[in-house]
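Two complexes follow with chain A in common, the first pairing it with chain B and the second with chain C.
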Partner chain A sequence: MSSIKNVLSDIVGQDYVSNNPEEVYLYSRDPGLMPAHKPDYVVMPQSAQEIQEIVRVADREKISIVPMGAGLALTGLVIPQKGGIVVDMKRMNKILDVNERARYVLVEGGTSQGLLKAYLEKNYPRLRHSLPDAPPTATIAANVMIHGQGRLAQQYGFNSDMISGLEVVLPSGEICKIGSCSISPDWFSKGPPLPDLSGLFLGWFGATGIITRLALKLYPRKKLRDVEIFITDRENLVPDIVYEITHTEMAEDILVFTQPLPMMFKDNHHVSFYITGDTDEELEFKRKMIWDALHGFIKSKDGGFMSIPPAMRPTLLEMPQKSASRLADVKRGGGFEYSGPIIVVERYPECWRKLVELAVKYDLAYSGMVRIIGRGHCMMFGFAFTFNRADPDMMERVRNALKEVSEFALETGGVFWKPTVEEQKMAFKKMDTNTMQLMKTIKNTLDPNGIMNPGNWEVN
Partner chain B sequence: MGLTTQPSEFAADRSRSLFSDSLLDQEKGENMSALRFNEDLCKTCPTCDCLVKCQYMDFSVDEAREAMIRIYEGEDSFVLQDCVTCYGCEEYCRRGNHPFYLITEKRQEKGILTSPRAITRQWINIGEPLGKYRLGEIGKKVLSFGFMPEFLHLVKGKLFEDLMPSYIFGQEFFCNVVYIHFANTSIIKKRLPLVMDNFKELGVKEVVCMHDECYGSFTSLAPAYGIEVPFTPIHYFEFLYNRLKELEGEIRPLNIKVAYQRPCSSRLSSDKHHFVKDIMQLIGADLVEREYQDANALCCGDILGMIFGYDIRYDVQKRNLDDMIAHGAQYCVFNCPACQNTLADKVIKRGIKPIHMIDLCRMAIGEKPETES
Partner chain C sequence: MKYEEIVHRCFRCGYCKFTSDYSDFNCPSYRKFMFDTYSPGGRMWLIRAWLNDEIKNSERFQEILFSCATCANCVEHCVFSFSEDLVNIFIAAREEMVNKGVIPPPVRDYFKNISINGNPYKEPADERGRWADKTAINAYDGQEYLFYVGCVGSYDERAKKIAGAVGNLLIDAGVSIGILGENETCDGNEVRALGEIGLYEFLAKQNINLFKNLGIKKIITLDPHAFNVFKNNYPDLGGEFEIRHYTQILAPLINPEKISLKRYEAKITYHDPCYLGRHNGEYDAPRDILRSIPGVELLEMEQNRENAFCCGGGGGNFFTDILGGGEESPNRIRVREALDTGARIIAVACPQCAKMLDDAVKAEDLNDKLEVLDIAEIVTRGLL
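Moving on, here comes the complex of A and B:
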């Protein structure tokens, strides 16, 4: 094994390879509840060529290889299930190009969300990307690899929908360009008008290749931004409220949250939406359009706009939102995990009732966190539970609750988001057989030796 | 110290009056202390100012009288749906009758919600005592911040040096009057006795109320509901005025033009409204004579948006701000922090500086206002 380390050292330099116990320990787990599993090596490459060489070594030696961003998915997606090499992408964090007029940015595969946000704010104040509510260290490539959602999800869909080109190291070691960049110097489209090959990689959790560069669409950043919260005590009305807001096409982001504490949030469902504008007039126009769209609910006393306390408004407007971090410490001990199936918005009432049922059954503190994706096309319903890491019993109760969420999500027509290995197996059981076979063919064709993030999207 | 959280029984004692010293030349009714509506007073009223002067609904004298009688007799009236709960009619009535409490009572009887259920529920939840109150160094005289955290920052400087840090804050001391906006007096009747028990436990003798609702609650609602008030309530305008008089030598006339945003809750303590002019005179601020002041004051709009939606809120706020601009106001002086939260950004965008009355007074004695620090 030491010869492998030497080979890896030759590729990336000895400072960027490790199999020291303390580092192996850290790379064997993520902040969630999944069991740890140690890698044999951790490497931090600096270029696509280095990754290419690492992959070739792994393929030749039949060693597993797990690409890793910040490791924040919580569902164990970068826990090396079969050991091998964890490829930590953090050194590949350069912003390579911004095409202001075509509104896209080209970045390396380890570039963080926070870096891009800061870069754009400083250099391109009229552009923004769809920032997820993850810690700023979360990487752009990992986020699209799990079909993450961000602040522009309601307007433009999943963050992976906003990709406009990929460069991928295939399991065989070739470097492959996907999209317009395959025949053009411009990275403006991930597929159309060509066959869209990005689906061979997006959503695969690195099981079909490692993203080394990617282009991401950027969108107008307006000068002003504000938030409103419409509340109702009837869960059945939430889909209708969302439908009316999305119909106006005036909102930026739409979130729904429900939680028992603090008391001002008890008993109600909170549909928060953001509006933006370059002028007060634009902002006010959008506000009025949405208020008017919801007027029927106000008139029937089924819902209304709450006053947002001044201290709360900056918190709501901050990006990324830190509310998840705060929730994580409700029970002290900093534990937090959620299952966030993607599901149609009309299933909100069932999801909410299940969340409360599980919280009661397992005696857990909870929060329901919803992000609307597309114009009400679907939502991510986050069944979030907080726990004390020093309390094994509470952690077990959370595991059991999340297991029930998984079963419920499938039964209710939902699709797992960033599923654990177990959830992937559950998904395969329910999946159309031909679809599963197609996935198997793709995986086996691209990765015949099964070295890429094994355990994930494996059809056995 | 263990403050009370469970309701206690209270007897009906209607010995004290509401608005007993109003600015307006009221003909006092015999039933003021009970907050009861006297039909005879209403039937013979020559002006029906309660509804005729309403800023949000239009009535002739006859229409107003008919509407009030219909309401009294338990019939339906659009007033029960359309009243914005500004409390103004209580002040407009020259005969000491209680039109607003009649409307509130009938709404409650008929189960007519003022605000959407979720908003009502949220406010009731917010006021729930949870043992998270804050106490300063309690003396015989205390400042009551009610449940408005803004006062934790606003109340400072020479004006309060004799009293601070003798203060109370939290739901345990929250007067709960806000629930009449929601036509829900039962929650007030349930919680107010607990609040009084908590004050009693503190052993305070005088309470400076930093909000009109608290003062109105302790001087009128509590007695009307038969709840003993174990201290003497002092309106903070009166406190400020007296302190400014003591510090008169330090006052530097502000020489600014100010508009005053009168809050709805000020109608519950209209006998203290004159202190606005008194204070302005003392500190050399020119209170502009605008259309929407004193009895004609307009709501900040927050509750209007909650109850009725965008248009009325926008219209009222626009008229109010246009009026301030038209009269050359440089500052908009707020009494209620909730009004300030609602309107501050809007007045800034119109070129007017928002400032709380406390900050204005501090500015007059050479201190830096909290909002500018």
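Moving on, here comes the complex of A and C:
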């Protein structure tokens, strides 16, 4: 083992390789509830060439290799299930190019969401990307690897839909370009008009390769941005409300949140929609369009607009929303975990009722966090429960509640988002057999030695 | 361990590593080492693991704990309600390690030197006031202010010049000051930050008694580290004094009646010392002084005020060098950032920052492009 450490040190420098107990401890777990598994080594490369060499060493020695961004998925996706080498990508954090007119950015595989946000705001104030509400340390590559969603999800879909090119180190150690960049110097498309190979890597959690560079589509940033909240206490109406708002095509982003505290929030469904504009007139036009679209619900006394307190508005407009992280300390215990199945919006009522039922059953504090993806094409319904890390019983109750969520989600027609290893197995059981076989063929063809993030998307 | 009831509450979201606009990582030890273990969240989780006996107190663990520069960037940017206590938690963990007698040798040596000599330089006490020999500054004898210089200003060659510049300006402006000279001893800020609370309390009580016996009511400090401990920690031990950093005294004195300045053409960027800025909220006095010098163009670094990047000298690292050198050492990153502003002078208001950045300018081979000067030295250049 020490000789492998020497080899890794030769590749990335000895300061950036560790098998010390401290790194082994920290990189064996994420902030969620999944069991820890120790890596043998943690390495921090600075280039695609270094990653190539690391992958070749891993392939030769048959050692597992797990690429890692900020490790914030909470579902254990970068916990090395079979030990091996964790490749912490955060030293590869350069923004390489922005094509302002073609509206895309090219970044290295460890670039954080926060860094890109700050860079664009400073240098390209008319451009933005679809920032998720994960903490700003979350990396862009890891986010698209899990099909994350951000502030522009309602308009443009999953963040992985916004990819316009990839550079990947394959399990063989070869570097492969995906999309227009495979032919052209321009990174404007991840596939079309070529066969779209990006699906060989997106959503695979690094089980088929390591993204070392990626291009991401950028979108217009308007000068003004505001938020409104439409409230109803009738869960059955939420899909209709979302349908009406999405029909206007006026919203930037649509979220629904539901939580038991403060008391005035209990059993209410807060449909938050964001609007943007370059002028007051544009903003007011969009606001009016949506207000008019929801007028019927007000007239029938099924809902109304919330008067947002001045102190609350900046919190709602913040990007990313720090309140999403603060949820972890509701129980003064530093933990929350959520299961966020992707599911059609019309299942909102069942999801919400299940959330409340589980919170009561397991005596847990909860929050429902919903993001609309596409023009109502689907939603991510986050069943979030907070826990106290110093209370093993509460942690076990959260685990049990989330297990029930997983079963419920599959029964209700949902598909797991960033599934745990157990959820992946559950998904395979329900998946079309030929689809599963195709995934197996792809995995075995690309990674015949099974070194890439083993345990994930592993068809046995 | 103190704060043990908080340690498990860190979610490890990582806001603490950043500036407020997320433009860069701003934790000096994380920037240097880049493993998550060296970030504030990593420390929190490792402290908990150590308390739960899941990891041992190793050399690596010591490096992780003692490389924290106590710069308080994490305090500034953590999103949780316990953010105010983050640095206190790291100090408490160090205290626990000190109490168990397992700490890095440079830290042990620092404590020994302070304990034996009253300073970390192993210099005799009667050398302490020598920096003032060729000045008009007298020993404290009932003047309005005690001018407390501290160990670095008293013994370090570079810092002694800064002490002289500050002292002379205050005297010239008619401020009534006196120094303790050989009777001055360590203020204890770094001793406390490194976790030797017993020694800190001994030093603090010794100083408090001395100040009280001499009838001292008001203190001007050269060093923001002393400013911090006098202002925030001595009151807990009965030491209530009116504490000012010298820039706070100097700023209103830059006027034709007190300190009149000629034109001094210079492009200057100001480096906020963590113990003056983030720890004590004083961002304006040093800038006010620089702006009041005719001809000075003040250029801000990307990371300034509450987002300033630490020079890496805080939390005892100035003496122990556990953060270490190299291209990614915080002081070298900081001077590169200063160079990017187009400034020719890095203004500082802390002798420890001055020395750290001086060293970095040399290491980066920027001697012909950047000069590190204390604000008092810049004002002195502008004197009529």
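To be clear about the criterion, the second predicted complex is superposed on the first by the 460 of 460 C-alpha atoms of A that agree within 3 Å, B and C clash if a C-alpha of one lies under 4 Å from a C-alpha of the other, contacts with A are read in each partner's own complex, and residues count from 1 in each chain.
Throughout what follows, contacts are C-beta pairs under 8 Å (C-beta built on N, C-alpha and C of every residue); 3 or more make two chains touch, one makes a residue touch a chain.
Note that the structure is a prediction, hence the values are computed from the model and not measured.
A.B. asks: Clash or fit: what happens to chain B and chain C when chain A is overlaid?
C.D. replies: Fit.
A.B. asks: In the superposed arrangement, which partner chain does A:P21 touch: chain B (first), chain C (second), both, or neither?
C.D. replies: In the superposed model, A:P21 contacts chain C only, not chain B.
A.B. asks: Is A:M263 in contact with chain B, with chain C, with both, or with neither (first, second, both, neither)?
C.D. replies: After superposing on A, A:M263 lies in contact with chain B but is clear of chain C.
A.B. asks: Check whether chain B or chain C contacts more residues of chain A in the superposed model.
C.D. replies: C
A.B. asks: Should A:L316 be classified as contacting the first partner (chain B), the second (chain C), both, or neither?
C.D. replies: neither
A.B. asks: Now for A:K122: first (chain B), second (chain C), both, or neither, which partner does it touch?
C.D. replies: Second partner only.
A.B. asks: A:C176 in the overlay: touching chain B, chain C, both, or neither? Say first, second, both or neither.
C.D. replies: neither
A.B. asks: To the nearest 10 degrees, give me the chain B-chain A-chain C angle using C-alpha centres.
C.D. replies: 80
A.B. asks: Is A:V7 touching the first partner chain B, the second partner chain C, both, or neither of them?
C.D. replies: In the superposed model, A:V7 contacts neither chain B nor chain C.
A.B. asks: So if I take every C-alpha atom in chain B and every one in chain C after superposing, what is the smallest distance between them in Å?
C.D. replies: When the complexes share the chain A frame, the smallest chain B-chain C C-alpha distance is 18 Å.
A.B. asks: What residues on chain A touch chain B, complex-wise?
C.D. replies: 231-233, 263-264, 266-269, 280, 287-288, 291-292, 294-295, 297-299, 301-307, 309-311
A.B. asks: What does chain A use to touch chain C in their complex?
C.D. replies: Residues of chain A touching chain C: 15-16, 18, 20-23, 25-27, 31, 42, 44, 70-72, 88, 90-91, 112-115, 117-119, 121-122, 135-137, 322, 325-326, 328-329, 332-336, 388-390.
A.B. asks: Under the definition above, what is the set of chain B residues touching chain A in their complex?
C.D. replies: Chain B reaches chain A through residues 113, 115-119, 121-122, 125-126, 128, 130, 149, 302, 305-310, 314, 338, 341-342, 349.
A.B. asks: If we count contacts the way the header does, which residues on chain C are in touch with chain A in the complex?
C.D. replies: 8-15, 17-19, 21-24, 33-37, 42, 45-46, 49, 54-56, 58, 60-61, 64, 79-82
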